[in-house]
Structures are given as structure tokens and as C-alpha cells.
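Next up, some structures in C-alpha cells.
Below, subunit A partners subunit B and then partners subunit C, in two separate complexes.
Up next, the complex of A and B:
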């Protein structure tokens, strides 16, 4: 955080519902700790994310300021501007995020302030993550907190310490927005103070920092979505229907996905169950009776893999090992052996099939 | 993909579907949760209804998730209607079509009118309009109630169709009171069936049994007159389970006897599929614990709550005159105690161990002391 600005925000980008309570704990505790240092703060959930949907990327912010006026100014904005840390609670979010509301796919570090830090919870290396994170025109930092993404539910919280470890890491990477001492003091006032303090220290110590220069990272292909003005909208808020046989191309759901279904076409018995049970209509029948997958609209719920009667035919594979959303059946059609090789390679790269979700 | 030719599905009462229609009229690109079974219900409904269909939908998940932000996955003409007015919109649309055809403004043809609502919009607020729509035999309309057991769009508030004991935003579980959802789920399709002799077709279906659900929607559209179909759809967001389990949970609810697959065509009640086998005694119901233990909303249940839930389901199957559908028992107070003591239903007494709490729902016998509940 630069010394001139008296207000800074922590952006927590997370998987809707699964990590909603987690993000809530992080933002609220950060603000409470900052208040111990005679600062003022507030938390805000982005309007466009509410009501949340399972898995769809969402954001919560903790805004911390030295005085009330600066806080008020920042809180009236749609999204706080001086974002000094972006906490990424699941590393598949680095591929880009599309909110529930209609924005198009945005880079994960779009709002990061110059010199700010992108804090990712991941087991991957900085190089692997920078393969996805778009470049900026200024210097920024990539911080990695080693760990698995913590997924819980709306009612049952996955209390695995990710919340306090992340806060400890935030104290380290901001160097002054909130101090570790006040976080420990704040945690000490609640339940399990010693355990929380240990988790805070663990996060503070285990986070690694990697400075990223301007222009380093993936190509930035972000084009802001052009919203239709009121003169372009039809009367009476009429929306054009989809043509039969086509899809809604204005909202694609793929940034919701943490894992994607990968089909072993050789093992397919053409039972049609995956096609029947997919709530997102993503299975495209092929002439020979297989079902290709529309990865643009697949949200990775995993119902197909769960319902498939053949063991190992549809497997959920980590999203970060895939480059594109192109359907894969054409590869199988031209060369089944090459497809099988590709499939096995991707599964191995991802460390096996892995539908990672909450405890229930 | 090239635009497909419009194929009007062949509808015929009492012919089971054997081949799935491949056209989609509710397509990809909706803002629903991962593993949303209500979206699957919309898909099945649109699939069998075909292109000559008008759909109206009340406020709820299937409105907000499908038509917000200037885009939609619907390939059918769809209009939003206010929360609670599914019945009025259906009857208005059907009447308008009839008048336009009579005046020769549009060609005489069969156009399906479907109004969908959710458990909150239909089962709670819209019950009056559903009732009005089901009384009027002049019009052909289908009301589809997709039941995800809460006001799920606005982040899970309890509705009249939330199961007993479930955690919602309105009914959290605390250290003082473990159970705060004291109301037993209301049986809307049976309620409507029993009270509306004018309705031609009523059905209860499940998203886990797609072919059965599609058969029911098709039968309703073909038989004409006022018709009603309800579906039971697991909601991974509000029920708190891994989205990949959605379909399994829908099936499990039927296996445990919690969801009952039945329909009533022109006054004749029939059971379908697994439920039929359960009624005939060919298949045993699974214990409800299998279903309850897999959902975060029941994570606070102790064994006695599960036993209570099981006893209510058992009673529904063993004592009701129409198992799982209509509660007309042998005594006004339910099952007679085997030891010959006074016939006060445990549900109303709320004193014998279970966390049951009479909320005085039409029961004159409910002791006043029970209102407010014994602390679980």
C-alpha cells in the first residue's frame, strides 16, 4: 500500500456459495482488526454477484481507510478502486472470471492497483499461474499461499484454517494495511484464539512473493463488454429468443468450472444418460451416437460423470490443464489413438480425476 | 450448429415415451447454479412441449437466472409474470389465444400454454391464482410447479414446502433451538387435486426421473383443460450438497418414499415407476437417513430427529388412504396408539421425545402448551 493514499481495499474473489462464508470471514475479520489500529473500514459484496450461484465467480471487498470521509467516498463506488490485494480463493479462477451479471470474462487482476499483490491459494508454481494471468502495464506481485482450495456449503462451513491463513498472508503482502499483531489480537477475542493465532502465523510465514514486471504474463485479450444503452434496447424490455438449435452466446458459463468432464469415447456405451441428465444442455449428439461436449457452456457440475454407468468413461479433470474450450470429439474422430493419448496425458497432468467440492 | 427444423412433437395420452426428443427449446447459457435440477426440469418441459408453446414464468430462480441482463436461453416465447400470479397469467394467455382464434386474427391451431412457478411463488403466494386457474374448464393450460423446497433465488428462505427441520436463512439451527423449521411440507399437488374436481390432470414428478416427468408434461398438454404438474428438484445451493449429487438425490428421495410419483387423470389416481413398486410392496423403501445425511441443511439432525422424520414418512405410507398422496386416516388424530391410550397424535402432542411441534395447523386437538415448541 502506498503511503499517499489513505484508503485501500482487499478484494476476495471466490467461488459463489462454496466460499461465500469463507470470504465473509476474511473481509469482516480484516476490518475488525484494522479498527484496532484506529482505522475505519467496511465490507461490501458486489451487487452484481447477489444472489449468488454455486461456483460462479463472485467478489467481496474489505475497504480500510484512515478516516471516515475517504471510506465513504470509496464505499459509494460500484467496486472499490485502490485494490491493493486480490485474494484468489481457488486457482482455477486465474483463467478469468465472468460474474453472474453480464460483464464478459474479465482477467483476474483487472482491478489490481499498480504495485498491488495477487494472492493465490495454490499448489502450482508462479510460472504455471502466469501462464493464465494476463500481463499488466505496470509492476505487480504474485503471492502464493500453498494450499488446496477450501470448499464448503451455505450451511456447513469448512473450518480448515484457510480463512486465517489467508488473513496472515494478507498482513504480510500488504505490509501495513493490517498488521499481524492486530489480527492475532482480534482472533484472540473470539473462540479458539490460540489455534487462530497459529493459523495466522502459518499463513504469514508460508506465503511466497514473486515480483512480476510490466508486460510479463499471458496475453491480455480482455475486451470490455459493450452494454446496450436504453435507445438500443427493445421496447418493454423484450429480449430476442435463441434460434432453435443455437445457444445463448451472450452468457457462457465456463468460468464457473473448476473441473471439466473428459470423455473416454472408446468406453462409451451410447446409453444417452449424460445427454439426458445435463442441466446445461452441453452434450451434442454425434452421428455415430457419441456425445461431444460444448465446453463453452459446461459449468463442470459433474452430474454426467456421476451418472455415467461405465466406470472411468467420463472423468472430471482439473480445469487449469486445458488450453481451450474446443470440443474434443473431432480429435477422436480423426485419430482415436491420438485422442486417447491426449486424454491420458491431461488426466496425468491434473494428477488424476478430481471433483473437489465441499464436505457434503 | 445449424438451425434445426422445427418438429412438433407427437403427443398422445397414455403412450409412454421411449425415444427422447432431441430438439432443445431451452438451451445452454443460463445463469443457474452448478447442478441445477430446476433448469433440467425447464429443459424437459420445453423439449416435450415443442415449438408451438407459450411459456410464462413467475419470479424465482427460473426467471432471474434465465432472462436477466438482456440475454436468454429460451427458444420459446416466454414472458415474466409477477410472483404469485402463475395461475392468472396462464388463464389470461389461454383466454387471449382463444379469442384471437375465434376472431380469426391468428390461425386455429393447438398452442400449448404453460405457466411455471416455484414452491414459493406457487405453493405459498400463488395458491389462490392456481386455484382459480384450475377451476376454469374453458381453457387449456398447464401449471408447472418446480419445487426446490425454498425461496432459492434470494438465498434460501423457508417456504411452505421446505421440509421439516431443514436449515434455511429463516430457520437456522442454534444452540437453544436445534429445529426451527417446525412446519411439515405442504402437499400441493394433492391439495389441488382434492379441491379441484374441474382439473383434468394432476401429477407429482421428480427431476430424477426425466422420462416420467416428460410423459406427465405431455399428458397434461394433450388432455387439455386445466392441468397441474409438480416436480421435485434438488437444489445444491440451498440443500448444501456437492452439485454432482443432484440427480442421485432426486432419485434417492423417491427411493426413500419422500417424493411420491403419481398422477391423476380425470379422477383416476395412478402411481408410476419405483413408487408403484413400493405401493405394491415389490420394493422396500430406503431409510430416510440415507437421504437426510447427505445434505448440509440436515447436518444438525440427531438420531431422534431422523427417527421422527422416518415415522412421518412411514405413517404417510402405511396409514394414509392413498399412500403418500392423501391423508385420510382411520381416526381423526392419525394412527391409533397400539397400547390403547388416548388417540392424540404425537405431531400435535409434541411431548413424547420427538422434536415435533404442533403449529396449530387446523388441529383443534393441538394443546396450547405445544405451540412454541419443545426445545430440541
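Up next, the complex of A and C:
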């Protein structure tokens, strides 16, 4: 917390449903620990994200303040301001976030306060992550907490320590928004206090900080959607339909994806099932009867891979090994052997196809 | 061999018909495309009347009897959305059951016209009139009108479509009609000739909002906080513009049919030099006029005001009419338990309308005629006396009185309980 302001927010950006409990524990425990320091606080769920959908980026905030008035102001916002740290619970979210409450893909660090910290749970290097994270006009920090994304379910608490390690890292990178001692004391009041304290310390100690200067990072292509006034909107809640064969440019869905379908085109029997079952109409027929994939609008649900009758033809592969959303059939068209080499390489790089797709 | 018979359009004629029949006649004249229905008394007489006309070849329309009011209203909404002139209706809890569909009809700005045969809300399962059913849409973007006679029912059905379908308005309109006293009593009605209505109500045209394969649009997607307020403001603007459109339509009605109301928004009776006034809606207006005549004969300067358009609410008219009046009694055939002075909805609206006035009359709330109970001339005379007394005594804030209810004004047991200092 800087000197000028007595309120700070922790933004936990997470994968809808899979990490809902995780975000809930982190934000609530941060506030409870802050209460031990005579601070006031509350948590704010980004309401437009609710009801959540599997994997769709969502947010929950912890707001911590020195006085009630500062807290009250922030608690009546959809997204509290002065975000001193953004916790990124899955590093594929650094490619951008598009909640269904918003319009267009937003940079992961859009609301980060100057001098704030983006705390990413990842096995990647700062350089690799900055390849995707857009630049800011001010200095900020990239912090990396080594680890894998922790996925649970709506009714499943994946008790792997990610929550407490993240809180420990927050205490470190914010320099005392909430102290490690308070977090340990609060955790000690519940069961498994020693285990939690160890996890908090582990997070505190293992997080690494990397200052990022203004202008460093990926190109920032984010353009806020223009909001028309009431006299400019069409009456009767009418919006123009998306033309047949085209997709909605204001709701692309790809940031929901943690794995993507990859097609072994020379195994395809041209049965059209993927084309038929895709809920987002992402399969594009090619002249020879294959189906290319529109990765801008694919949310990675895996229904195509489940439905494909040919074993190994459509496989779900970890999203982080891919650089772009460009369709891949053109690579196959120009050189089938080179495509197959690329495909096999990506699957290997991802540590094999993801067997747990579609149903959680 | 068949021959084509050229028949001249039927001229205007007088018929002895009920309020529901009068609405059905208007629907025929308007060439309504889709009618959806689900039977409930007392509105369902209009279903019977329309069915007969379709069966007799006098009317060409799709008449869909749904499995519930909710479906009925959705059918009307969707018919309107694809460009069909649509009609729906219900009574009492039937109207309430379809509330979700009614609300979305307004927010989609679809000019469906509905008949509400006013009926007490269950329980108990009473058939008689209370205005609460129609009142439930008063805040949602529905134009709302209370008729007094079968003639007014027919005429206002024509006006309702003309106003609702006007590009400047595009809001649904509910016509309220007192159950039994108007739905099931026959009046002398001038039914216009077939050639005149087309001139008054142009064909329904939804323009570029029409839902059709040639006009691919999405209707009512999920909106979040970024859009809802703008959509509400649009509906608000439609309602604000409705006043001018109603005035225009009423003037045109006079021009085309050679008759019609003097004022589009309120029906005033002997208000010119009135010192006291009673205000009500619907068929209370009939006895209201008789009561005024009797009081005038006795030398009292009393007038009656019948509120016709409830949405938009006739605020300017009421302010102007009541400016010189000393005391006013408001007759609500509805209830709003726990509201200001425990009065009804009309009372609360009139009190709010008069608030900015520098000199306000003494305003007395009455509740009468609930559940179909008759409101008599004597009831109105009693109300007027109460108003006069309150005015003379300078009691500007009188708690609502129930007129025509059996038993005392106050429950004597309440006083006993207070004296005992505890709940009984």
C-alpha cells in the first residue's frame, strides 16, 4: 500500500468453476489475516462472471483498507481499483482474459496499478511470459510462483497448498499489504495450522520478483469496446446477427481454453462429426473435405475430440505450447509430412495429449 | 358455377353488446392477425366472441388457445415480433401467472394489445372486479387504460393499437375493463363501418426490427450492467412520447369517426366551478356522474374526474383540474397494503402528482368496491361528505377509509391490546 492511499485490492484472476474455490479461499483468508492488523476488508466477486462456465476467466478481489470509508467505496464497484497485485492462477491466462461480462480480450495486467505486481503461478521464465503479457506505460513487477495450475471443481476443493503458497507470495510481493505473520497466525487458528504455515512460508520464499520497465512486453492491442448512448442503440434490444460463416468479433472465447484440439489430418475420415457437434461453429470445411479449426473462437471444450470416431485424430493439447491462433490446415496443404512433424512435436512438447478433456 | 359477389363495406351500425364483445368487434375491424388466449373469467368472453366471428367467416385470424397464460402471452409477443398484429388478454391471477412474458413484451418494445378483465386476485377465488391485476404492469412499460363503457372499450381498442404501434412509442397497451359490470353487461354501442378503421390505424410495421430470415438479428441477448440502463431509458422515452401520440390519435379519431372523448386522458364531469371532487377509474365513473348530479341538485359544487390513461399518468390534467378545488376524494378499487395513509394505488399517484403544487386540495383516500362489491351512489355521497368535513376541519392527512365494508372503521380489539400493553 502506498502512502497516498489507504486501500489496496488483490485481484485473483482464475479459471471459472475449476478454480472458484481456490480464489474464494485466497481472497477470504487475506482479509481475515488483515483483520489481525486492525485493517478492514471484504471480497468482491466479479458479478458479471457469475454464473461461471468451465474455464472462462473470472475474477475475485480482496479489498483491504485502513478505514471503512475507503473500503465502502471499493465494495460498491464491480472491479475495485488500486489493484496492487494480480494473482494469475493459470499461466495460460497471460494470453489475455475474456470474461463473458466483457467485450473483447483484455490484457491480464490491464488494471494493475503502477508499481504493482503480476503474480503468476508458472513453470515458465519471465521472458517466456512477457512474450504474451502486453506492455504498460509504467513500471511494474512480474513475480513467478513456481507451480502447476491447481484445478478443482465447483464442489471440489483441490487441497494442494496452492492457495496458501499464493497468499505467502502475496505477503512478499506487496511488502506488507498483509504480513506473513498475520497469515500464519490466522491459519494457525484453524485445523492443519502447521501445514498451512509451511505452505505460506514456502510461497513467501519461493516467489521470484522481476521488475518490468515501462514499454517492456508484448504489443498491447487492446481497444476498449465503444459503448453507444441510449439514442444510438437500436430499440427493442435488437443487435445485428453475426453473418453465416462468420463469428462474433466481440466474444472470441479462446481465453477460456487450457487445451486445444489438434487434428491429424491424414487420419481424418471426413465424417463431419466434429463440424456438426462443435457448439461454437469453429470447424471450417476445406475443399478436400477436411475441417480446419478457428482457434480464435474455440473454447477448448473437447467435444470434438470426444466425438471423433478415429482414435488419435483429434487430440487436446496444452495451450501453452502454442504461439498463435492461426488455423493450421494450410501447413498440412503445403507439406503433409512437415505438418505431421510439427503436430507430433507439439504433442511431445506438451508432455502428450491431455486425457482429461471435456468432462470435469 | 360460382359468382363473385361484390359487397360494399358494412356501414356504421348500433348494436347491444358487452364490453368484451365490443373489444372483439374492434379486433375484427383492425384485422388482427394473431390472437392468443387462455380461458379465465371474466375476460374470456372476448375469446368466445372472436371464435364465433372466425367460425362465421367474419374474421380472418390465427386464434391460438395456449396451455397457460404464460404461453399465451409469449405467443402474442413472438407474433408481434415477426410482424403480426397480436392480441392477448386475461384476468386476475391469470394475468399474474404470465407476468414474466408481459414484462419481456414491454422490454422488447412490442406493441401487443391486451384486455384485462379486472378480477380480484386469488385467494379467495372471487370473480368480481379489483384493479390490482392490471396494476401489476404499471411500472414495466405497458400503456394502461381503464374504460367505463362498452363504447369506450371499442373505441379505445382502436386507439390502443394506433398508439402502441406508433414508431415513436412502440410499447404494449393493456385495456382494463371492470369484470362483470362491463365485461358481462350489454351497452348500446356504435360499431364503426369497415371502411373507416383502416384510415385510422395504418398497417402494423415493425420496420428493421422485424424478426425474419431476410433480416438476421439477435433479439434480447444477455445484457450486463453496461447496457441495461440505456435500454430502460429508451422505453422511458417511448412512454414520454406517448402523451403527444395519444393526443394526436384522439384528434384523428374525432376527425374520422365524428365522435370521441373531449379529453384523451381524463373524463371530467361538472368540474367547471367544482369546490369538491371525487376521482375514480372504470365503471365507478357511471355512478360517480349520478352522484354528482344529485349533489349539484342539492346545491353542492361537486364534480367527478375519471382517470382513463393510467400510463402515461395524466399529471398535467389532474394538476390543472384540481388547482381550484378545496377537497378531493380518491376512490380506489384496489389496495396497496401498507402504502401512504393505507390508501390505494390511484390515491398515491394523485398525491404525488399534486405535490409540487403551491396550493394543494385536501386529499382523502377511500377504498371501495373490492372483489366485485357494488359501489353505490350512496357510497359516493358518503365519501363526498367525509371530504367536505375533512376540508372544513382542516384535516389534511386522513387515513384511508374503507367504504362498503361490514364492521367498524377501526378494530376495537386493537385499542384493547394497546391498553394491555401487549400483543393479543
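Note that the second predicted complex is superposed on the first by the 349 of 360 C-alpha atoms of A that agree within 3 Å, B and C clash if a C-alpha of one lies under 4 Å from a C-alpha of the other, contacts with A are read in each partner's own complex, and residues count from 1 in each chain.
Following the convention adopted for this analysis, a contact is a pair of C-beta atoms (placed from the backbone, for glycine too) under 8 Å apart; a residue touches a chain by one contact, two chains touch by 3 or more.
On a predicted model such as this, the values are computed, not experimentally measured, just so you know.
**Q** Put subunit B and subunit C onto subunit A via the superposition and say whether they clash or fit.
**A** Once both complexes are aligned on subunit A, subunit B and subunit C clash.
**Q** State whether A:45 touches subunit B only (first), subunit C only (second), both chains, or neither.
**A** neither
**Q** With both complexes superposed on chain A, which partner does A:233 reach: first (subunit B), second (subunit C), both or neither?
**A** both
**Q** Looking at subunit A, does subunit B or subunit C touch a larger number of its residues?
**A** Result: the larger residue contact count on subunit A belongs to B.
**Q** In the overlaid three-chain picture, which partner chain does A:294 touch, first (subunit B) or second (subunit C), both, or neither?
**A** Only subunit B is touched by A:294; subunit C is not.
**Q** Between subunit B and subunit C, whom does A:325 touch in the aligned arrangement: first, second, both, or neither?
**A** Neither subunit B nor subunit C is touched by A:325.
**Q** State whether A:243 touches subunit B only (first), subunit C only (second), both chains, or neither.
**A** both
**Q** Pick one for A:78: touches subunit B only (first), subunit C only (second), both, or neither.
**A** The answer is second: A:78 touches subunit C but not subunit B.
**Q** Name the contact category of A:276: first (subunit B only), second (subunit C only), both, or neither.
**A** Touch partner of A:276: subunit B, not subunit C.
**Q** Pick out the shared contact residues on subunit A: the ones touching subunit B in one complex and subunit C in the other.
**A** In the superposed arrangement, which is not itself an observed complex, subunit A uses residues 100-101, 228, 233, 239-241, 243 for both subunit B and subunit C.
**Q** Provide the residue numbers of subunit C that touch subunit A in the complex, in ascending order.
**A** 107-110, 170, 208-209, 216-227, 229-231, 233-234, 237-238
**Q** What does subunit A use to touch subunit C in their complex?
**A** It comes out as residues 48, 78, 100-101, 103, 227-230, 233-241, 243.
**Q** Name, in rising order, each residue of subunit B that touches subunit A in their complex.
**A** Per the touch definition, subunit B meets subunit A at residues 1-4, 6, 20, 22-37, 39-40, 43, 51, 64-65, 67-78, 153-156, 167, 210, 236-238, 240-248, 294-297, 299.
**Q** Give every residue of subunit A touching subunit B within the complex, in rising order.
**A** 16-17, 50-56, 100-102, 153-156, 228, 233, 239-253, 256, 272, 275-282, 284-285, 294, 296-297, 299-303, 305-307, 316, 355, 357-360
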